[in-house]
Amino acid sequence: MNLAQEASLVAGKDLRIEARSRVTLQQVLPFGLIVLLLFAFALDPDRGVLRDVAPGLFWVTVLLAALLAISRSFAIEAANGARDGLRMSGLDPAAIFLGKAAAVAVELAALEALLTVGVIVLFDVSLGAIGPLLLATVLATVGVAATGTLYGVLAASSGARETLVPVLLLPVVSPVLLGATRAWEAAIDGASSDAWPWIGVLAVFAVLYTSIGTLAFGPLLEEA
Amino acid sequence: MNLAQEASLVAGKDLRIEARSRVTLQQVLPFGLIVLLLFAFALDPDRGVLRDVAPGLFWVTVLLAALLAISRSFAIEAANGARDGLRMSGLDPAAIFLGKAAAVAVELAALEALLTVGVIVLFDVSLGAIGPLLLATVLATVGVAATGTLYGVLAASSGARETLVPVLLLPVVSPVLLGATRAWEAAIDGASSDAWPWIGVLAVFAVLYTSIGTLAFGPLLEEA
Amino acid sequence: MQPVVRLRSAVCLLGRFPALAGVDLDVASGEVVLLSGGNGAGKTTLLRLIAGLLPLHQGEAEVLGHNLARNRTEHRRYVAFVGHETFCYDDLTARENLRFAARASGASASAADAALERVGLERCAAVSHARLSAGQRRRLALGVALAREPRLLLLDEPHAGLDADGRAVLDAVLEAAAGEDLTVLIASHELDRTRSLASREVVLTAGQAHAAVRP
Amino acid sequence: MQPVVRLRSAVCLLGRFPALAGVDLDVASGEVVLLSGGNGAGKTTLLRLIAGLLPLHQGEAEVLGHNLARNRTEHRRYVAFVGHETFCYDDLTARENLRFAARASGASASAADAALERVGLERCAAVSHARLSAGQRRRLALGVALAREPRLLLLDEPHAGLDADGRAVLDAVLEAAAGEDLTVLIASHELDRTRSLASREVVLTAGQAHAAVRP
Amino acid sequence: MTLLKPTVARVLGWTTLVALIVLALFGLWGAPADAVQSDAQRLMYLHVPAAWIAYLAFGVTAIASGLWLWPRTRSPVWDRMAGASAELGVMFTGLTLLMGSLWGRPVWGVWWAWDARLVTTAVLFFLYLGYLALRRVPGTAEGRAKRCAIAALIAFVDVPIVHFSVTWWRTLHQEATVFDPELKAHIHGVMAFTLWFGVFAFTLLFVYLLDRRYHLECLQEGLEDRELEQAIKDRVRGSVSPPKVEAKVEATVEAGAER
């Protein structure tokens, strides 16, 4: 098997488990919507800033939901020592990384699509320049999925997987948060030209972490 | 052993495990601080609203950290079938509930103390009427710990513990979020009289869920 | 005399699968009953049912005089169950785990220490559960059960992973049972070893129990 | 001929504890080596070291011609390891788990199905791993290892939890090994059963290996 | 097997249909247009009844759950009723949200506003979505019933919060007009009649759907019971039949593998 086939084998396995357990659809998505609602409310609506901060809230929510998705992705490997099984399997670690990140990205994309509808309705936002917006979203998703998978495996080797991932991951992806928020703001205002530099940042980030992940996943997976 | 002794046995066990693994201190706390920062970042400091939304941000952060603490509290019981061990132990389920909730409350209180320092430093907030503020905090903490423990055990019986707790818990504790936020706002403004009704809401909530938990924990723990 | 366990066409479901499809079983006080049967026959399910960890779906079940259909928690403090898992906390040491279990069920700390010695784990007393080897964990699980000073002991494949020493400990527990007024139900695939110690053998096949025909 | 496994004063740490304190071991191709030793002697650690799942701390280790000190992943696709855990996914069925493992290591789906039959799990093919009984899980783990068509098979207490049928399957695997050019290292407490099938016994005590003195 | 006698259910079904048609006629043509909001206000005849029937549905869920938990009245009837009613409650809450949104667009100029009632209503919606998710978690019938009954009682706490939210937080959303404590009739007679008729029609709809849903649940349970009896027989004969769901899963896998 070549790299792509191996990666799709791994991604297929993760997505099949998701299709069977429906965790992302039935639990992570409602979580995202509730976070969106509650936080917007807790941050006090009177001041009329909510429409302006909608992109920021959206991406914070996506990040928090991503934490859950990643935690789930590695919970699957933690049970029954499946991680050792993967290590013994002879699959290329790069393929494992790409496969797991792809599965997370697919789940996140589905989530973002639905959360976007939520944002449009809740914050009365119209999307403006669709092209840059979509591009920014895709790149940010890839970035978050890649970084998340990388840090997920790093945390997985320690006992306290659930709580370690958030701490490690959130600071690292803050550039994505910033870039995606600014790109969205610009795109929503219809100022595509302002969006492009941020999209550039997101692209660099996505490429960077995908490459680092492809190279570093092997050693991290081996980490006892 | 009477109820209090049994509860303190359980709480002691949880706190000893925490002391040994340091998950709350070394992972949940940094997580809280990062979330605080990220939110501040996403909401853009330019608009000068940060000082006003500080209470909301603080309580949102506490809730998210509480999710992690509770998830950890039940992860402990999930490993090695420890939950079955508890069920076989002959301990009064009410004591188990009170013990686990107390341990979570202690962890949350430590967390809140440190996050408060963070809020004071980051958002340049001064605490105003300390009495009501402290009371509101204690009551909210008890409420969150009790509700969290109740929902934690509810979700623990299903396979996907990590992701189910957030979905179930967040809507239920939203009154705490609102009440504590408003109480803090009033207390910070020095308007203690405005804080008291909210403190009343928090007290009702804390008492209500502690009682429900004491009664309902047994049946929920038994759920196959 | 009142039987310790009395099942009448007991049905127990795992999800929608009838893992026990009508089991009749009587165990008298002081007996050591060997439960044999192939993989998936329902031994674990039967033991968990008796421990009160699984609900009864149909039929009757009485353990130590308590009707499980009505209440499956009351009898537990007199019952100890050694399952496929150890019921211990990874971050606590062997001794701490034992003490917690003993105190939780009302036994003393010295009972815990005695159990530690009995299963031969003195040397690992301060090693945390996460670091014990598979066999040491089995011993610890057995120790936890003994520390609780039960009247009914349910053992689910206690031999798995035990070395010769460990098996000797186990044999001693089974031999002493009659004298200590302890009733034991033991599910095992180590038939040769256990048959000689058991007072009776019950064979489970496809969710039903039959008395074994002694050759 | 080149040995399959060659260890020279190999030291392996678990945390700071030297679970293997200088092990010398040579295994030739086609051998079936029985690893015996008390609980906590280091059998699991030794097998995990050979599988490349644990790092070598001191000494030399060579498996299938690969030097583990330099690279402990290269040899893995020719090695299958049945550990205390099954390495399977709870939400996948037995067949899906087997197929995934087979395809991941380059074997065909039919190898997976053959393995399913060989370990006698046809009837549970569509049952998800989470619902299998303890013994059925052990069989599945064995099946996963066989489906990978390894050259070196590491078995860590494969007997634990297996019924008579399952043990017969295992015996058949050990017997067929020599013919199939398969080398087997088996750690077990079922000494009586395994000794007759093994070509050699190695005793581990306190992290060190000795050739067993045959009575 | 059902809550109502089949004939009663059938009559009720037709009555509901007629009532809904009458409501539509009154709502669209009978009642006068609002002075300020003109025709948009006609959404009230759906919005307000939907909200109240949602309360009613959650109330039924809470009471049924309580009756299930009370040992003397424990019966599977209450569990089924609680589940069915919660599903309808979620449906009606969704309807309230939808109608409110549609109404808000012309009146407030936005689909959504950060208003206490709106937020609490949305929280209510998610709360019961969570409850329904909990109902789907596998387990024994009794365990599931117990767990869900407790969750339903906890969730019901939010209903009064939604209702009083307008008085607790000064807000955008309409305050209580119909249940105004001072009992002044603020609204036109025909409008009031239409509103109350809407409530009546929706109540009929609720009872009818509840009965149907309950019936469906009974049929399903009957089917499961029969499958179980068969499974026990199979098990005794030693032929383990894998459960149906997984057989389907496996079939698709096979199909995929062949391609």
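Going by the order they are written in, the chains are A, B, C, D and E; count residues from 1 in each one.
Convention: contacts are C-beta pairs under 8 Å (C-beta built on N, C-alpha and C of every residue); 3 or more make two chains touch, one makes a residue touch a chain.
It should be emphasised that the depicted structure is a prediction, and the values quoted were computed from it without experimental measurement.
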| item | value |
| --- | --- |
| Remotest chain, chain D as reference, centres from CA atoms | E |
| Busiest interface, counted in C-beta pairs | A-B |
| Centroid comparison with chain A (C-alpha atoms), farthest chain | C |
| Numbering shared by both copies at the chain B-chain A contact, with half separating same from different | same |
| Where chain B and chain D are represented by their mean Cα positions, the distance between them in whole Å | 46 |
| CA centroid of chain D to CA centroid of chain E, Å | 56 |
| Where chain B and chain C are represented by their mean Cα positions, the distance between them in whole Å | 38 |
| For chain C, residues contacting two or more additional chains | 15, 17, 40, 55, 84, 90-91 |
| Junction residues of chain A - those touching two or more other chains | 20-21, 27, 30, 34, 38, 41, 159 |
| Interface hub residues of chain E, defined as touching at least two other chains | 123, 126, 130, 133, 138, 140, 143, 240, 249 |
| In the complex with chain B, residue positions of chain A that touch it | 21, 23, 27-28, 30-31, 34-35, 38-39, 41-44, 47, 49, 52-53, 56-57, 59-60, 63-64, 68, 71-72, 75, 159-160, 162-164, 166-167, 170-171, 174, 177-178, 181 |
| List of chain E residues in touch with chain C within their complex | 138, 140, 142-143, 224, 227-228, 231-232, 235-238, 240, 243 |
| Sites on chain E touched by chain B in the complex | 123-124, 126-127, 130, 133-134, 137-140, 143-144, 146-147, 150-151, 153-155, 157-158, 161 |
| Residues on chain C engaged by chain E in the complex (per definition of touch) | 11, 13, 15-18, 21-22, 40, 55, 57, 205-208 |
| Residue ranges of chain D touching chain C (in the complex, touch as defined) | 14-15, 17, 37-40, 44, 84, 124, 131-136, 138-139, 157, 160-167, 189, 191 |
